[in-house]
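Labels run A, B, C and D following the written order; every chain starts at residue 1.
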Amino acid sequence: MNGNSIGKVFVFTCIGESHGLIVGAIIDGCPAGLPLTEADVQSELDKRRPGLSGVSTPRLEEDRVEILSGVYRGYTTGAPICMIVRNRDVDSKPYEAIRFRPRPGHADYPAAVKYGGFNDYRGGGRFSGRMTAAYVMAGAVAKKLLNLLEIEVLAHTVQIGKVKLSKRVSYEDIRVNVYRNAVRCADPEVAALMEDAVLKAAEEGDSLGGVVEGIALNVPVGVGEPIFDSLDSDLAKMLFNIPAVKGVEFGAGFKAASMRGSENNDQYVVKDGKVFTLTNNAGGILGGLSTGMPIVVRVAFKPTPSISKKQRTVDLKEMREVDEG
Amino acid sequence: MNGNSIGKVFVFTCIGESHGLIVGAIIDGCPAGLPLTEADVQSELDKRRPGLSGVSTPRLEEDRVEILSGVYRGYTTGAPICMIVRNRDVDSKPYEAIRFRPRPGHADYPAAVKYGGFNDYRGGGRFSGRMTAAYVMAGAVAKKLLNLLEIEVLAHTVQIGKVKLSKRVSYEDIRVNVYRNAVRCADPEVAALMEDAVLKAAEEGDSLGGVVEGIALNVPVGVGEPIFDSLDSDLAKMLFNIPAVKGVEFGAGFKAASMRGSENNDQYVVKDGKVFTLTNNAGGILGGLSTGMPIVVRVAFKPTPSISKKQRTVDLKEMREVDEG
Amino acid sequence: MNGNSIGKVFVFTCIGESHGLIVGAIIDGCPAGLPLTEADVQSELDKRRPGLSGVSTPRLEEDRVEILSGVYRGYTTGAPICMIVRNRDVDSKPYEAIRFRPRPGHADYPAAVKYGGFNDYRGGGRFSGRMTAAYVMAGAVAKKLLNLLEIEVLAHTVQIGKVKLSKRVSYEDIRVNVYRNAVRCADPEVAALMEDAVLKAAEEGDSLGGVVEGIALNVPVGVGEPIFDSLDSDLAKMLFNIPAVKGVEFGAGFKAASMRGSENNDQYVVKDGKVFTLTNNAGGILGGLSTGMPIVVRVAFKPTPSISKKQRTVDLKEMREVDEG
Amino acid sequence: MNGNSIGKVFVFTCIGESHGLIVGAIIDGCPAGLPLTEADVQSELDKRRPGLSGVSTPRLEEDRVEILSGVYRGYTTGAPICMIVRNRDVDSKPYEAIRFRPRPGHADYPAAVKYGGFNDYRGGGRFSGRMTAAYVMAGAVAKKLLNLLEIEVLAHTVQIGKVKLSKRVSYEDIRVNVYRNAVRCADPEVAALMEDAVLKAAEEGDSLGGVVEGIALNVPVGVGEPIFDSLDSDLAKMLFNIPAVKGVEFGAGFKAASMRGSENNDQYVVKDGKVFTLTNNAGGILGGLSTGMPIVVRVAFKPTPSISKKQRTVDLKEMREVDEG
């Protein structure tokens, strides 16, 4: 079976592998006439480039996007938009070792079983975090469309390891600060603590997880197609497609489970002829439809499984346990 | 746009409304030759019937399934299976009040905006928890197919309000106990506490949320269709289609965010010629593929928004605030 | 695999069997607010009711549509619309004979193989012409939507057996005449000849095929979603879903193969500030897009395979040839 | 809306434009472990390369396929396979003229309206016959899969202009002869007549249409997913996606309309313990399912609309008629 396209109107197909020739995104369903240049996409790709801080992956990913189709004279044509980045700086040799000795926490083992050993295991292949470069390219196009509707999407890191952002930050804090530090935190002081925690774990050959909060502003009332293409369902589906994601919650999320109805219900008020809610425990979604309040989603990332500590695994050819790392 | 079908191979379409004539499920893609009777589906429907305990909705839902198509002489034919239950015991009069005065926490408001007031608002219409009767009918067929593969699916309540199940329960505890109490808890003592909490909240005109844990046993290695139809993505998508669900997490879930890679990675071992992991922080899913370990998912339900306490809302016709309840 | 839904925006799912309890249509994607009553659908169903003339099937199909969901107070709600007719006047006994002795020209044989004998073979089951009752119900809803756009769809019989409609008929001839005769021909004289031909064949225990021409007027320019959901592709796909259809052609169709480019190309002219073509060999479709000219499609139906003449078939249990009829 | 992917299991997405950077095919759903090299695809692409005969388009299309993803060490990996050819030898200047003066018989006019003038009109853009290079690349992969099932697909030209292949040709004639002449005819003498006809029309600044017959051998009984993904429906849908196709018929096709049931029904016989039909008027398809007999489809192509004769069109900017050519 296939599963490499997502979306019903704006369809995103993800191609490529971590150590293959390319990583690419195809968008089918973008209307004709949208101004779109490689620079538009590049500026988004640049944001995911690992910095020099040592906080993130050491891979030097100087991705340059190439738009191969769907754009003519600076405007989308209505035809599918194919965008690729070429893989460079790849050293696939170390991965021969994992072919038969799956790394704990990676998809190596189930992938080897599923694809009968034919999957491209180098660098994790299709299961590499590098695939998110395609998500970013697709997102760059989506963002331009959302901008036309004045919808703004923000995201910031609210937890890394045991360091949590406990103070409230404003949307403006997020806009201004997240790209000023390597951990994408809206509060500079907490960012420093998070960076320290990451570096300390790395020194010990270990890694940390975290939580990211996403916010969408100005989403009109009624977005979502219940029953099954409800807004929260579709957002959750896409978010869990990032392999490291292990939890997704909207608004009060898991906390709602210990609240009472009278606390959790967001009561309606009128202001300037518009309907608002006093609170936003719903995270902007009721019955799978946007309420007009900010969409708020929190996403739990597990610690990256690539660590240098010794770990037990199994040699699949010899079916015996081995220690690696 | 449409959004009332889900699935690629086994396609489930949900029809009906809370106070319309029927609630129904159509399954397209069930192989021919599966033994299937109305009794098979009825026994699952009976499990969701609110008891006499006062713990759940007072609506008397004595649903009798009718299979209208796709089954001949006790076997599926390969044609679409249409199953319906008729709505009885519906008193729609009280809902005239909500047409223009949306209930906090319900989908009334965004639905009225989205459908221009043409949606069937009686009893919440398409957004009623009653739609899950269709999920149960579809699930009854799915369960029979999963049984052929010896896959077993369990679920139990692990939290209601502030009462949590903290002790470990075995799969056998779940199998034996959950249908013995109204709150579907695998531990009888905790069940009693949960029931008390529900009744107490109800007495005060209020409601409680909770957390349900789902477990799938014997799922073969490699189920899931990355990148976008990954197993966790598709499970999360379906779970968020229950309107009350506000959070979904797999394995260690949100806790993974504060773990280190060395703690969170599940190390591989061999036992009786088979590959296992020592822990199951992954909840049986890596890279969107099943690992062969139990699939473990926890789902946060918000407290039911139907409460009798006074709440503020807005009269949409007059665009002024009113207190209801 | 499944294949009982069609359409991307307006999704039609067909359920039921020829001799089962019902035949039904579910529409997912009809916008909220369309006036729709059972009478609207019934008037279309009545048109397909076999007359008393002996020209068509003797089955007495007094189908009464019931709308089970998706309509409230006379308007569509945006939820899926489920419409059914109950099967009456069915005598399934004669079909026991065909279970292992497939009728030539029917789907009995490949269906028995595909579904391992579990298909509902009574009356042809899913492969019966009766399934088109569901097409008519879905079409009734589609027609109401098309009417809003002032699109009109006409159809008339242009050939039965060797009797062809050779003279030109106007759209008004079609509107006025087709439901005045049993063969749906726009010319009363040719209709009489066609009826004679059908009756004569029937007397001899035989049947005739025919050709129907469909015309859609006022389709705006640019309808169709190339490359693969082009307008002609989607129309052809739906038309070939009528089991008796063996050919589909647009505009000049097969005749275009023997024309020269200079003859076949439709040249553009301007009239009243609008663009037209002098001829319509394209049948209103170029590159899979509507041109604004009438859509013209001709559809070849094979003679109904149900005949009373003796025919050779195979007893599948005994794997020997037998003569039936 | 989008429409550039086709297929449910083996999903083919077509990207690129006639005069853009590339034409490409992405396959999602090809199983892992299929041997696949660029040479496999190249050998199919070479067959569509216009020869030196002057019979076909003068464009020099020396397409070299590049596989960008989905193949590792000569085997498919289960990931999407992206194949591209780069566009060379393109002279886009002549196409500035057509931007506002649509060529009769081409998609220029409806495309300009649909995409608001933003479509890439150079060389016909997405509506160019060149897109079929992508179909060939996808077909090369499909062919390798079909070969595993011992399914063989043949095609040959049976008519060009008024020259028809009237004698019967064997499958072996087709295999041996079609690539020995520029018109892909299985009979060398008729091929010569066809070539003459094409050249004569070309001398006069004109073009010819034709009919191609496709045959699939060894298709197992029961392929097709009724009601809506029936085999003939899906084949017709794909065939009409070739912009020049105006008609599709299976087996007796339009001739079936003038046959009697007793003539058209294919009677069953047993031979060597297998079920056959004495005739194949069904073209190997009954009720949308393969019967085990050869699938036979005939496809009508209109004459290529690119002619050098003078033709009337409309200047869309000035909205006045002009003569071009």
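Quick notes on this one:
Basically, contacts are C-beta pairs under 8 Å (C-beta built on N, C-alpha and C of every residue); 3 or more make two chains touch, one makes a residue touch a chain.
All figures in this text were calculated on a predicted structure; none of them were measured in a lab.
Separation of subunit A from subunit C in touch steps, taking the shortest path, is 2. Between the contact lists of subunit A and subunit D, the overlap is empty.
When subunit B is fitted to subunit D on its Cα atoms, the angle of the rotation, on a 0 to 180 scale and to the nearest 5, is 180 degrees. Put simply, the chain farthest from subunit A by mean CA position is C. Rounded to whole angstrom units, the spacing between the C-alpha centres of subunit B and subunit D is 47. The distance from the centre of subunit A to the centre of subunit B, each centre being the mean of the chain's C-alpha atoms, comes to 26 Å. Mean C-alpha position of subunit B lies 40 Å from that of subunit C.
In subunit A, the residues touching two or more other chains are 1-5, 8-9, 14, 114-115, 126.
Chain contacts here close into one cycle, and each chain has exactly two touching partners.
Contact residues of subunit B toward subunit C in the complex are 1-5, 9-11, 13-17, 20-22, 24, 26, 28-29, 32-33, 68-70, 72, 75-80, 82, 84, 114-116, 118-120, 122, 125-126.
Of all residues in subunit D, those touching subunit C in their complex are 1-6, 8-9, 14, 102, 104-107, 109-111, 113-115, 124, 126-127, 131, 159, 161-162, 201, 205-211, 221-222, 224-230, 232-234, 236-238, 240-241, 243, 245-254, 256-270, 273, 275, 277-278, 281-283, 286-292, 300-307, 309, 311-314, 316, 319-321.
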